[in-house]
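Order as written gives the chain letters A, B, C and D; numbering starts at 1 within each chain.
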Amino acid sequence: MVDKKRFIAVIGGSECSPREAKLAEEVGRELARQGVILVCGGLGGIMEAACKGASSEGGVTIGILPGGSRQAANPYVQIPIVTGLGEARNVVVVKSAQAIIAIGGGYGTLSEIGHALRNGIPVIGLNTWSLSRNDQSDNSIILAQDPVEAVKKAVGSIKNE
Amino acid sequence: MVDKKRFIAVIGGSECSPREAKLAEEVGRELARQGVILVCGGLGGIMEAACKGASSEGGVTIGILPGGSRQAANPYVQIPIVTGLGEARNVVVVKSAQAIIAIGGGYGTLSEIGHALRNGIPVIGLNTWSLSRNDQSDNSIILAQDPVEAVKKAVGSIKNE
Amino acid sequence: MVDKKRFIAVIGGSECSPREAKLAEEVGRELARQGVILVCGGLGGIMEAACKGASSEGGVTIGILPGGSRQAANPYVQIPIVTGLGEARNVVVVKSAQAIIAIGGGYGTLSEIGHALRNGIPVIGLNTWSLSRNDQSDNSIILAQDPVEAVKKAVGSIKNE
Amino acid sequence: MVDKKRFIAVIGGSECSPREAKLAEEVGRELARQGVILVCGGLGGIMEAACKGASSEGGVTIGILPGGSRQAANPYVQIPIVTGLGEARNVVVVKSAQAIIAIGGGYGTLSEIGHALRNGIPVIGLNTWSLSRNDQSDNSIILAQDPVEAVKKAVGSIKNE
């Protein structure tokens, strides 16, 4: 019987600012240092930066791709999962992780935050969406100030199963 | 060649307050009066109330179900689509519509709002989520004050294709 | 409460011979005459011929599309369901039907036959695949000689739910 | 940049005979010896036997699960991918592999063979389905006599991309 590792997803846009990329790369590095397997959507931007960081520290990277070819994966994805599902692959990214770190992000990232919170999967946010309903803040997204804190909170939020 | 009708999705929780149910039922009625086909997730709460309203005015109702059986559809769904996809069916609800009306809603609804905005599908909101990023409001959700206004704005937002 | 109609899927290639198209069109006509709603993958070939036949007799046609745009539907689809799921939409076609009529077909059709039989959904075959395992025929596909017999057997095979 | 390994899927029933399990375990062992990453549906039967074999030789095993929990994975899955997609996950198993080895199998396996051949992904068969259409054999499934030959043919069939 194998020891199943902890899986944490890093979500964010396929295009991002240099500052966001730096955050993502540092998150990737810190996940690898903690022995956590990185799950992401496998493309560029935040996803590529996080995979690059994880790889540089010898971590394992999984990219769950929307299209039909493994060729679309960023060069730091070690385990490409080819879904052909389009955006429905966002659900697979989320469900395959035990916690989520959202960095920046657009509406695709928002959909993933929704799917994660719907499933009771903790979401840690770095410069990402804030939510409110009927003028009341929803504080479900756990805020972090920097990559090391984000990883620490994500690892700490994983439920025993 | 058939005339393809306009399709508008009503999204919201499978549990909802009586006030939200009343809003959803009136939205359903108004959609039917305008000759619009109602798309929804096919279950209870907001979805059932909207289907009930549409049916009462002779409208057509489509329920795109997460589970593997058409038996799970609410009694006002005329066209049950059985996906067995779980929450990934949210993507199908969104993409099958030309505009979305979100009423109240939890995190599943939030995921659908994300998928819709990601696809450039207009979202009209009635007592639903508000979004902001980095302390800046995102005003992509078009606010409506009542069901008639919501339907009017949704119909008006449909892009010619 | 609405009366849920019977749903039967017609599956087959997006390219087909004129003879197969004629079979599919007649199947579509006969389904409409029997008051059955036609489900298909929404594209050309067998799917278009079946929708054309059903429409000509005033039947209802549902097209469950693999891509992200309703514009890809054949002109006889009245209810386009837009999935963006690629081939995974085959599962939705199958599960949304209470019986399947397979006409000719390639490997995509074979995948749908597999999904249907896996789910206990009856499959009627017109010039389609034959299956065997370990030199033993598998007779799960119910053979029909012509479109009227195919529809009769499909309608008769629907289980009460 | 990482070196992307070769990925081969082993498909077959979640219940199987002891003889089939032995074949699957030996296939798993041989894949690991060849440095190939094993992809499967993550459950019992053929999938578990293949993962057990691969693990015993230090190979990497990926299980793409139909349900919503990683707890459903067999104990030899090292990388559980949680889809919640039901049978639509069969498409993800197939597309994530560069070649498929089918062992025995029921209708779910048949659906995977259809999806693989539809995508031009080579299928190697060990005691699995035979196909014919209109009384003509379809020889697309490459037959193998034993596990070592199956792996050899599968590895040899991988296209350069």
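Rule of thumb we're sticking to: a contact is a pair of C-beta atoms (placed from the backbone, for glycine too) under 8 Å apart; a residue touches a chain by one contact, two chains touch by 3 or more.
Just so you know, these numbers come straight off a predicted model, no measurement behind them.
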**Prompt:** Is it true that over half of the residue numbers where subunit A touches subunit B are used by both copies, so same, or is it different?
**Reply:** same
**Prompt:** Which integer distance in Å separates the CA centroid of subunit A from that of subunit C?
**Reply:** 39
**Asked** From the C-alpha centre of subunit C to that of subunit D, how far is it in Å?
**Response** 28
**Asked** So which stretches of subunit C touch two or more other chains?
**Response** 68, 84-88, 91-92, 119
**Message:** Going by the touch rule set out above, what shape does the chain contact graph take here: line, ring, star, complete or other?
**Reply:** complete
**Request:** Provide the residue numbers of subunit D that touch subunit A in the complex, in ascending order.
**Result:** 1-2, 4-5, 7, 37, 55, 61-62, 64, 68-71, 73, 75-85, 88, 91-92, 95-96, 119, 161
**Request:** Give every residue of subunit C touching subunit A within the complex, in rising order.
**Result:** 68, 84-88
**Item:** subunit B-touching residues of subunit A, taken from the complex the two chains share
**Value:** 85-88, 90-92, 106-115, 117-119, 127-135, 140
